[in-house]
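You will see two complexes here that share chain A, one where it goes with chain B and one where it goes with chain C.
Moving on, here comes the complex of A and B:
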């Protein structure tokens, strides 16, 4: 039985406002070639100027991943010919990257594991090719988007470890605010280096599968490549070091034959960019700007806000959820109720099928208002779902939605009493059971009243009325 | 230093250049002459000079992260040998 060894290279687009070497907007989507200028379209004679935020974000990442930050780093040209790269070289960092060393802790099956980081460097993203018929169309909107490459040591040994690590890393990158880490939009992509060896023997020859853009593709491509390498070795063959691609639709990996010859990137120092020198003070300044990470937030939620650890973990799995919770709990002073509502209603509504991300369509202020409306008895829990639907991704306030939809619940006991009487009359046997001491039918009767009044009654009041009416009868 | 025929062919392949026999011969002579010329640097004693990444003394030439208007697409695409109003068009290039 062979053991697999994995090392990952993670490409992460940074969430800056402008591109790395020019002022064009760094934005996903947009009409082709509309976020472009002579610099990012690779016109001759143009001069790149480095975006300071891209440097700061890379250093921030290095600090969050326990790296050593280089006091002196420089730029290099990585030369290759492919039309996604208009200059025919990618401006990158070769021998003096911004961050070196480091490690990431992640959790798998309740155990904390560690992956060492080899380096983090900054480079520019390439454009996009759209293959149609006999031609390729080129869109350079993505060309020049700041791209951070995180290279791990070969410390992973299963597809489950790789995915758990990536999930942990993704969470950190989102927490520190350097990237929106949307795998579907390509702002987080992964290359997998994989080799196999019998336990105790030295590492085998590795292959590299490039450009995986979902956790599922990472997992399946690893299993495919592991099986393939084992098959080759078991048949007496040898593994060739090569670059491979993953076809996600067909679930097969394949070799990019003939590209090996072009693998000589002929790196040389970039003469158009000056080295980056970072002082100790500057590095400390960047360190201070790192937002609170998951661990610290869990501590605050459990210790200061009194939430169970279970809640704290679920709320902090995604930064957007954690931010929503904190913002809501700052206004609506019942953290547990806020937590319950977010874990049920918000997560149900924000989770799109097939996506690893949760999308939030409600502001902390609006959510606090909804919770206050429930708490003060203005609307029922059931009606709050309609209010949430109404304000989701919209400008309407919860209270305005309540009035527009007529969701204000009836707390008029006279009116309610007649509704309750009607329900009791229509459910005589249930009423008898209640009188005979069967408390369980109370919930049934409340439900019937709620149904009869289309969810607009105050269930607490209804319960009290049922008790009063059936006891005095 | 002599640049061999094999090296010329490899460099041409990396640059996606197709050279005739005649051109290869020319390149051999040109590149050999250039490397020969630069060899005069070897005569300078640099043992006391620290290595540098750049010939200029400047560091940290940075700009603030501020988006500015991009170029007119038509103006950019006007330089393309082939285009369709939205994109540059090149011969199909699939890795």
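Moving on, here comes the complex of A and C:
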């Protein structure tokens, strides 16, 4: 039985306002070639000007991942021809990256595991080729988007570890606010280096599978490549060092180029950019600006807000959810109720088909308002779902939605009493059973009243009325 | 020729500002002279319409009592590797023969803001690679004084146009001597400023760590006035810095007490006799006027050429890789697929010298050769820089010939490439060290061809060079007269 060894290279687009070497907007999407200028489309004579925010974000990541931050780092040209690379070189960092060393802790099956980080460097993203109807076009909107590359040591040994690590890393990157980490939009991409060896033996020859853009693709490509390498070795063959691609639709990997065809990137220092020199004060300043991470937030939720650990973990799995919870709980002073509502209603509603991310369409203030409306009996829990639908990604306030949709529940006991009486009359046998001491039919009767009043009644009040009317009868 | 064209730039500006002559009149005269000198092949593109419009604008400002800017509508030329918005910028290459930049180089913006009338784009060696302005897709430049001789290169068109009084000044670029050597061959003054004093944004890069834009003029003060316009910290060029002097053109010629360094390596036994004679006479004249002459030594002198050709070719290979036949410029799509577009476009679009440099550059950067060539050259670069800085610690300027000879015969050296490379022996160390250097005329050889003297200064010490060269000009009465 062979053991697999994995090392990952993670490419992460930083969410700075502008691109790394020019003032163009850094924004996903847009009509092709609308977010570009002579600089990021590589016109003759242009020169780069560094966006310091990109350096700051990379250093912030390095600090969050326990790296050593370089006081002196520089830029290099990685030269190769490809139409999506307008200058025919990628400005990157070769021998002096911004961050070195470091580690990430992640959780798998309740155990805390560690992956060492080799380095983190900053570079520019390339454009995108669009192939349509036998014609290839180039979109430079992505060209020059700041791209951070995180390289791990070969510390992972299963597809489950790889995915759990990526999930943990993704959470950190999102918490520190450096990236959207949206794999489906390509803001997080991953290359997997994989080798197999019998336990206790030295590492085998590795292959690299490039550009995986979902957890599922990472997992499936690892399993595929592991099986392939084991198959080759079991048949008496040897593994060739090569670069591979993954076809996600067909779920197969294939060889892209062998070692002998590997690019000679002819790296040399970029003469048009000054080296990056960071002072100790600057690094400290960046460290202080790092937002609270997951671990700290779990401690606050459980210790100060009194939430169960289970809740705290679910709420902090995604920074947007955690931020929503904190914002809501700051106004609506019942954290547990807020937590319950977010874990059920918000996470159900925000879940997107085929995506690991939860989209949030409600502000903390609006959610606190909804919870207050439920709590004070103005609307029922059932009606709150309609309110949520109405305010989701919109500008209407929850209260306005309640009025517009007529969702205010009936708490007038006189009006309600007649409705309850009608239900009792129509369900005589159930009423008899109740009187005979069968409490279980109470819920049925309450349900019938709610149905008859189209959910607008206060169920607590209905229960009280049923009890009162059937006892005095 | 209209006599007005023979004025120095400084005088022309004064004449326009005092309404003795209009900027439009000067620009018309310049355009007329360019047409007259067409045979010299100094210009790749003439832009009469926009030049006259700029001149008219300056005249209008003067008429209204406003400030027409320091160049006041006076006609100047720009080397064709400096981007001009809406005016094709070819680098004298087939590859870019129809390329029209969508933006102005920062120095061009500065010229326009200074009120200059840009009359055209000058011929050069393709992508600034050469020493004779013969490597041009648009044909060779012919020396104004003797048409069978080259004008020098790569800024040959700019130097020759200034010498022939087609314009009052011109922009060149200098990576290993491309301003100073043609200035010497054409008998004009040319300055390679300190690296990072003048913005390179919009200069189509040859070797980014060595390239500098600078002026060519008929007098030292003309160069200084141009530098007043050209030197500023540009937010688009991260390597540019604020200039240390408020004004350069107000320098006072001064030689008394200035210390001049002469390195023995500058005058080998094999040096051309006329060049030696003229340089000796020039140094003697300066000494006579009160300069202190010191002997010094630059041991790395002979290592500079090899270092230069390794470093500049490496950067050129990378800088010119963007010319791939995909986005702009020459594209040959007759083949099959992407690799064929690259291969055929670059094979057909570049001239031989450019291809030689690209191949050299990729070789010295390639895995297995990097340490022996690129890395070693980078280390030698540090040594050369240090040695020049050390030599300049004890003196105000180093003086040497600009080139080992006067302008060579056209076509003579095109077959022997390394012989042409030797032309740069005095100029390349200055780019490697990032220092400023000024070439001024210092007489002629037996055949009446101009000889240039190079003054090398400390970093950002251009004003000192102007003072010294300005004094020399006074002593000799200048010999830049037509």
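Here is the rule we use: the second predicted complex is superposed on the first by the 466 of 473 C-alpha atoms of A that agree within 3 Å, B and C clash if a C-alpha of one lies under 4 Å from a C-alpha of the other, contacts with A are read in each partner's own complex, and residues count from 1 in each chain.
Here is the rule we use: a residue touches a chain if its C-beta (ideal position, glycine included) is under 8 Å from a C-beta of that chain, and two chains touch if they have at least 3 such contacts.
Worth saying up front: this structure is predicted, and the values here are computed from it rather than measured.
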item	value
Touching partner for A:42 - first (chain B), second (chain C), both, neither	second
Dominant contact partner of chain A by residue count, chain C or chain B	B
Which of chain B and chain C A:77 touches, first, second, both or neither	second
Which superposed partner A:135 touches (first chain B, second chain C, both, neither)	first
Partner chain in contact with A:18 - chain B first, chain C second, else both or neither	first
First (chain B), second (chain C), both or neither touched by A:275	first
Shared chain A surface residues [contacts with chain B and with chain C]	38, 41, 43, 49-50, 79, 81, 83, 138, 264, 266, 271, 273-274
Chain B-touching residues of chain A, taken from the complex the two chains share	16-18, 23-26, 31-38, 41, 43, 49-55, 74, 79, 81-83, 96, 129-131, 133-140, 245, 256, 259, 261-262, 264, 266, 269, 271, 273-277
Residue numbers on chain A that touch chain C, as the complex places them	38, 41-50, 77, 79, 81, 83, 86-89, 138, 264, 266-268, 271-274
Chain A-touching residues of chain C, taken from the complex the two chains share	82-83, 89, 91, 96, 99, 101-103, 105, 200-205, 207-209, 235-239, 314-315, 317-318, 321-324, 326-328, 338, 342, 362, 365-367, 370, 374
Residue ranges of chain B touching chain A (in the complex, touch as defined)	13-16, 53-56, 58-71, 73, 76-77, 79, 82, 84, 86-95
